[in-house]
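Following this line, the structures themselves.
Across the two complexes that follow, subunit A remains constant while its partner is subunit B and subsequently subunit C.
After this line comes the complex of A and B, so read on.
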């Protein structure tokens, strides 16, 4: 074995030659399968295009004005990325709360999840943008003008806060599952080494849990890119806002809706690809 | 560790509060704040052309004082936008726009995110609870339309007892039912006991009227510009007599603003009166609607609203 590894000449070792042939064959089979799936995709894309062409719509308008909508893609991505990062932090604390034996932490965490998951995101956005400043005014009347200013968020901040809170609640369950999936033996081993609970979490549990959590966070990120469309109600010029307002200007609703849909689709295809690469990297540690 | 956490929370709060230092002595009112800042922040929802719409590929105004989340004068277009620019110019400040949804604008409670709405808002008693209104800068006149072939109707009063179409739950329905109240306006309901024919939208009523004189409807009550654009689209109808009432469209400020908004709305009213007097608004109305919708708004008696 050691000899074969140090000398990569297959002639010397017939077993290695057989192995390499097998690998080549497997690779070929996979390529053929990918090509088959790709063909189906192309056929479906053509069918979808043919179907969409039956709608009353003006392709020239789409080409001329897609650029304006595209400028909103950066805003969409930026809102989503910032929100998913904050949501991950919230979810981590939420999950720690869920798993803790402290009744206060558990209560806060479960209450948060219940309220946020039980109400529509759009209403949360309105409440944060329109309602929070009113709470601020009350606090101002009580003599806390600084808090009032803190609670008066601009459209972007309000959108990020709403998306973070909302996704944080859903992701709490993902983080909880991830933390629980780490074997109990790991806790015991850490305890045997004399680690404190914080050290155990920081150096033993989290690094292993993250590997389990990341793919699901990717899924949430993909969902969030589309939910970020709701931020348009506050006048953030992202994809949906630009498409909708342009459509109203020129009465080209089908055209602009299709442009927006296509952009979101492309965004999520790219995100899925990045996610699968990340997953592969994460899986390296367990490869033999 | 467990003991520490409440202390930590208090510490974080204290830090947060300390981090936001109070601003230098705040200006006494909204007008002074606008003048000191050098920008007038106007809310407009660019979902309603020709009042307000987006401009594609626009460059921001160079060296603008507007913040990055605000839009500059070049990025939007329309009748409301032109009026906003002119109001800001006469105040001697730069105009900046924000674009929240219409429902967030009429809801009031703007939390000082913007100074004023110049967004074709109809003055209504419900909105007056949350907002102060300026002198209206133009109007939507309501007028009766009849079929082109009709010769028996000479004036709106001739329509008493006839079948009249309108959009359901609009001001036109309230007028025909005799329950319409418009702040600051007195008018007489000249059509007695009409047969009410409500439609989903005014446009469907106009379509039915176009079927022929008296086929389904004898007349339609709707906005004059709506009827005018239907005629321009080739519908065989005509306007009957003068408008029967006006909806007044004005600028508005938030009653719950952090600083007294009354001096600002009074100053803006003054500017709008100037713009009526020197013909600016009539010219803009002609440019965007092809009609003079501005003149009746100049005669509106703002003091009759008893806002302050």
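After this line comes the complex of A and C, so read on.
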């Protein structure tokens, strides 16, 4: 739509009217197609609802208790936001380690990535929540109570730590690719100007790499919102935990789990929308 | 061109291997202050590699590089450990202009020019801006100071790159085929800036295929082939009566292609 509006009127092409008509027609066709697809979605949802109602689905119960599950959405978002931030920092250092020529940095980074990617997230969560306190007990017995306290995390902390470590390892590849996508000439230009490696990274490479990395981090954030359901096993009061709690108590599994599913779905749709807006804004970042 | 005093650049017996390829086979060169040295030769002759060894973007396999008193030596395949810390000092003595411009796309034209003085040399921002504007005026881009490079032509980008290098007040400017990536109609504006610099007495080492420019601006022309300096001398001598048959052959081919005016 900007195409048509931003044309300065002073230099109108005589063919402009034709072009505008074509653009308008294409837009209309696209809109109609979207409406058709939307209609199918609505039909599917109605069918699904009707089917469920036939099978004694209890909408009253849903309306009454959806709020209780909804309160967990803030915890889900909070866990995901904190974890993605920490994961991004880990991923940056992981990527720098992988790209480093220092064998220690390289070794630590590749070991971290290999171990985390080679084991299930659920095991990592259990190890951090149950495993670390056990080691803590031993340390306490050996006379290091401070260390023991450090290893005993509450459910929220353990969940954030597990998600951060896990996603940090996967996102290392994203950050590495982003750093490498910045042309070699940029590194050379910075070096020729006398910048240190750190100055080059901070002022020349990272600002350019971030633009490449952001969309992928957005995808990871969306995936993490759903993976964060796993922290319910430790009793973090997020969406899944709350839904499950009522579902078990009143044997309303379909009702409550569908509420949870719907909430995740909405979160994902909203996040995707935010992400696409951010991407569009960043695409114009260098134009002034 | 007035050239005075001791050489400011001294390169001695420089060798560079890329794997099994012996690209530089013992090059020595001295450049005096305010001298303009132009290096010509076919692609693959090692001229760019040689230039990149002078500011250590390429690590020489062996040999010695000295710029304005900063000495870096290489032996047995790499820099001597005690010289590593001097690499940055040496780079601060040199400014480099690349074939592909390598301007910073995320910064405006003015930011491109003031970035390094501020973060590397600690120049106060106002001072850097003032100097940056002066340099942009010199290369004819003051009106573009707030524009991002994406809005510039190749010739304009290269002039930003020249201003950016000059902002660090280097003792020697290195030009690595500065016009080779440009559309023909944009070459002139870059060469004009370089001619101005030569006239002002900037010490320059230039790798180029622009023979007319070389003839006009150089104090000394060097012909390289196979990783060695085959012949060097004043431009009149090199371009009109070269002594070495290899130089003759190279120039003959250039004349055939119509690039020597």
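To be clear about the criterion, the second predicted complex is superposed on the first by the 229 of 288 C-alpha atoms of A that agree within 3 Å, B and C clash if a C-alpha of one lies under 4 Å from a C-alpha of the other, contacts with A are read in each partner's own complex, and residues count from 1 in each chain.
The criterion applied here is as follows: a contact is a pair of C-beta atoms (placed from the backbone, for glycine too) under 8 Å apart; a residue touches a chain by one contact, two chains touch by 3 or more.
This structure is a prediction, so every number in the text was calculated from the model and none was measured.
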If touched residues of subunit A are counted for subunit B and for subunit C, the larger one: B
Touched partner set for A:252, first subunit B, second subunit C, both or neither: neither
Touched partner set for A:98, first subunit B, second subunit C, both or neither: neither
Touching partner for A:176 - first (subunit B), second (subunit C), both, neither: neither
Partner chain(s) touched by A:65 [first = subunit B, second = subunit C, both, neither]: first
First (subunit B), second (subunit C), both or neither touched by A:155: first
First, second, both or neither for A:233, with subunit B first and subunit C second: first
Contact residues of subunit A, present in both the subunit B and the subunit C interface: none
Residue numbers on subunit C that touch subunit A, as the complex places them: 55, 57, 88, 91-92, 94-96, 98, 100-106, 108, 115-116, 119-121, 146-151, 161, 164-165, 168
Subunit A to subunit B touching residues, read off their complex: 65, 67-68, 126, 129-130, 133-134, 136-137, 144-147, 149-150, 152, 154-156, 198, 233-235, 237, 241-242, 244-246, 248-249
Subunit B - residues contacting subunit A, complex: 1, 16-17, 20-22, 45-49, 53-54, 56-57, 69, 98-101, 104, 107, 109, 111-113, 256
Partner subunit C, residues of subunit A touching it in the complex: 183, 185-186, 188-189, 191-196, 199, 203-204, 207-208, 211, 285-288
